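Two complexes follow with chain A in common, the first pairing it with chain B and the second with chain C.
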Partner chain A sequence: MAADPIHQFRIIDLFPVAHIGHTEIVFTNSAAFMLAAVVVITAFLIIGTAKRSLVPSRLQSAAELSYEFVATTVRSTAGSEGMRFFPFVFTLFMFILTVNMIGLIPYTFTVTSHIIVTAALAITVFLTVLLYGLYRHGFHFFNLFVPKGVPIYILPLIVFIEVLSFVSRPISHSVRLFANMLAGHITLQVFAGFIILMGSAMGAIGWAGGILPFGMIVILMALETLVAFLQAYVFAILTCIYLNDAIHPGH
Partner chain B sequence: MADTRGDKDDRKELPDDEAALSARLQRLGERIATANRPSENVTGSRQAADASAFAKGFRMSTELVAGVLVGALIGWLLDRWLGISPWGLIVFLLLGFAAGVLNVMRAAGVVRNNNLTD
Partner chain C sequence: MAEPAHKTGTEHPAEGGHGGFPPFQSQTYASQLIWLVVAFVLLYALMAKWALPRVGAILESRQKRIDDDIAAAGALKVQSDEAVAAYEKALADARARAQAIANETRETQAAAAEVRRKSLEDELNVKLADAEKTIAATKTAAMANVRGIAEDAARAIVERLIGTAPSDQAVTAAVADALKR
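Showing the complex of A and B:
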């Protein structure tokens, strides 16, 4: 069972919450880890900012650093006007980062390794961009699909391609995060499986040889930590780039 | 008498002080503004998004695949609804491929996104 690399992604029903029609709404391990992430973030930020000392403690600096980091990202990508979306981007970034980091701890469940979760986040971003763009600019928002300086005879084709490019955003946005987490965790599990295989097949020599895949796991773990952070950052910055389209569509 | 004069002198000096203070405040404001300005740079942050080559490569491939997938999906749905199989799939697969290439070129910064240049 331990050697099955897919086993770690299994959804386990913990207890039923409600019934909608004939569909049972169940509190799963995925929901439990999401809740855990929310609790961790809330505790981190509340405890970190509780003292508000002029010379910050380590926790306070970490909390301030995360704020500054996201604020700089938002301001540099979507401009000062984009700061009205700061709470949204900050929530996304902290949630994805925390969930990814929790998933790196052995025996935990990685919420972002399920495409339904990342797709829900990406579609939220997509709808926010679409609805805010329409609310803010009305019909002018569709100028986004009409690039300037294109000859009139290929304009219909270009508009079609631009619309397809716009619609494909939530897919690439969600698949990137999901596939990175899935692939990384499977790789880790496979290398861990090698140790067991070698040990059980060749006895003492096998266990000694298991040092090689174990070293690989250590290296991969460092890489996965980087990927966990980087994917949260990429998700946040792409959200900002998309929001920028809603704030300043083509002009 | 002397007291009131002294008071007046104080009042005379006060606006000078305030003027000096507000001038200093203004200078400080300008310095803060110039210090903050480099972070309002659009192109720099787009490069920062692709911090590692691995992430960059992965981003390109997902952009391309997403475009093709969306094109194929729309084409297939049109085929089913309008009964024009296989033309919807053929046309939209090609359009989706074009959209995917456009996505990749934008992600790579080859084509400047007209919406982002401001």
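Showing the complex of A and C:
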């Protein structure tokens, strides 16, 4: 049923690929859109810079802009040492941005509307921070949880809170992106459903009245475009902030 | 919702996993994870090894070009400053030389004029001395003549008054006495 707002999130198996134990690995619509994003991003950057012009064309300008935007974000939040993670943050940002944007096209599938995807990305960031922090600073990394200048009698409480906030990072990191994308798409679908509902229930008057929810969709579409960009940016900048903790664990 | 693959593919049954809500259907997780890893690692490799160095190289070469141009402009400015300084130095030198030549000329001219003036003056002095000598001689001669005339006149006057000619000694003494007064 077209008006079902959940329908758009369904995983559709296209063809099976392999079996691991009892689990069947399937090439799904989600996988297709992930690979589409890889192709789109690579094409954008490679075709955009094909001429390597000194004075860039529009596409080259956009490619350079994406590079400098992420580079500036990484450098300003994680310092120049953070630039070793620049390819990682750039890949994260562009991947999330692109799948979010592709998801805004009607009839497409939004990869980031699945908690398993955002959770995997967030856990990747979490493990990168944890492992790099331990590799760089050894056990000094855990100074992150011990703020300086805190009286000794409330230190256990502070450390407990710090550890809790550190451990809950991947949860908030992943749920924020997942929930934003999910809610936005459901809202769009619900308002689109109103048009069908009014049209089929009230005939011509209903179709005319459908202009109202349609206008709402137009506005929401602009909002969702902003959210698609903003969530990718928030994910990237939080990654930078967490990486900064790994690079400079002293508070 | 008109996904073309929809017809050929099989949808996961709504009752699978943790219920009908697709993001919570856990039997899809393995496939999604595997493909996410494939896509993400592929994208990371493409970005880190190909796209980002490429864009970075373009930005770097542009920055280098800008820096080079600014450096070249700076070098040219130094050159032009040097040229201006050299020009000003040449101008000052020329001015100083002109001044020196003018001074030298003025001095030689003044010296020559002085020499001429001196010789002219000497000449004039000589002439003046000559003229004074002539005047003195004339005067002496004239004075001698005056004495003779006075003696003659005195003798003639005395002869006319008393009828006899006085002696020459007396006339000479009388005239000398009178001239002395």
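Just so we're on the same page, the second predicted complex is superposed on the first by the 250 of 251 C-alpha atoms of A that agree within 3 Å, B and C clash if a C-alpha of one lies under 4 Å from a C-alpha of the other, contacts with A are read in each partner's own complex, and residues count from 1 in each chain.
Just so we're on the same page, a residue touches a chain if its C-beta (ideal position, glycine included) is under 8 Å from a C-beta of that chain, and two chains touch if they have at least 3 such contacts.
Predicted model only: the values in this text are computed from it and were never measured.
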item	value
Clash or fit, chain B versus chain C on superposed chain A	fit
Partner chain(s) touched by A:Ser30 [first = chain B, second = chain C, both, neither]	second
After the two structures are overlaid on chain A, angle v-u-w for chain B, chain A, chain C in degrees (C-alpha centres, nearest 10)	40
Partner chain(s) touched by A:Lys148 [first = chain B, second = chain C, both, neither]	first
Which partner reaches more residues of chain A (counting touched residues only), chain B or chain C	C
First, second, both or neither for A:His114, with chain B first and chain C second	second
Touched partner set for A:Phe9, first chain B, second chain C, both or neither	second
Contacts of A:Ile211 with chain B and chain C, given as first, second, both or neither	neither
Partner chain in contact with A:Arg176 - chain B first, chain C second, else both or neither	first
First (chain B), second (chain C), both or neither touched by A:Arg75	first
Which of chain B and chain C A:Ile47 touches, first, second, both or neither	neither
Three-chain overlay, closest Cα atoms of chain B and chain C, distance in Å	5
Chain B residues within the chain A interface of the complex	39-42, 44-46, 48-49, 51-52, 54-55, 58-59, 62-63, 65-67, 69-71, 74, 92, 95-96, 98-100, 102-103, 106, 114-116, 118
Partner chain C, residues of chain A touching it in the complex	2, 6-14, 20, 23-32, 34-35, 37-38, 41-42, 45-46, 49, 52, 54, 56, 60, 63-64, 67-68, 86-88, 90-91, 94-95, 107, 109, 111, 113-117, 120-121, 124, 178, 182
Residue ranges of chain C in contact with chain A within the complex	1-3, 5-6, 8-12, 20-25, 28-40, 42-44, 46-48, 50-52, 54-59, 61-62, 65
Interfacial residue positions of chain A with respect to chain B in the complex	72-73, 75-77, 79-80, 144, 147-148, 157, 160-162, 164-165, 167-169, 171-172, 175-176, 179-180, 226-227, 230-231, 233-234, 237-238, 241, 244-245, 248-250
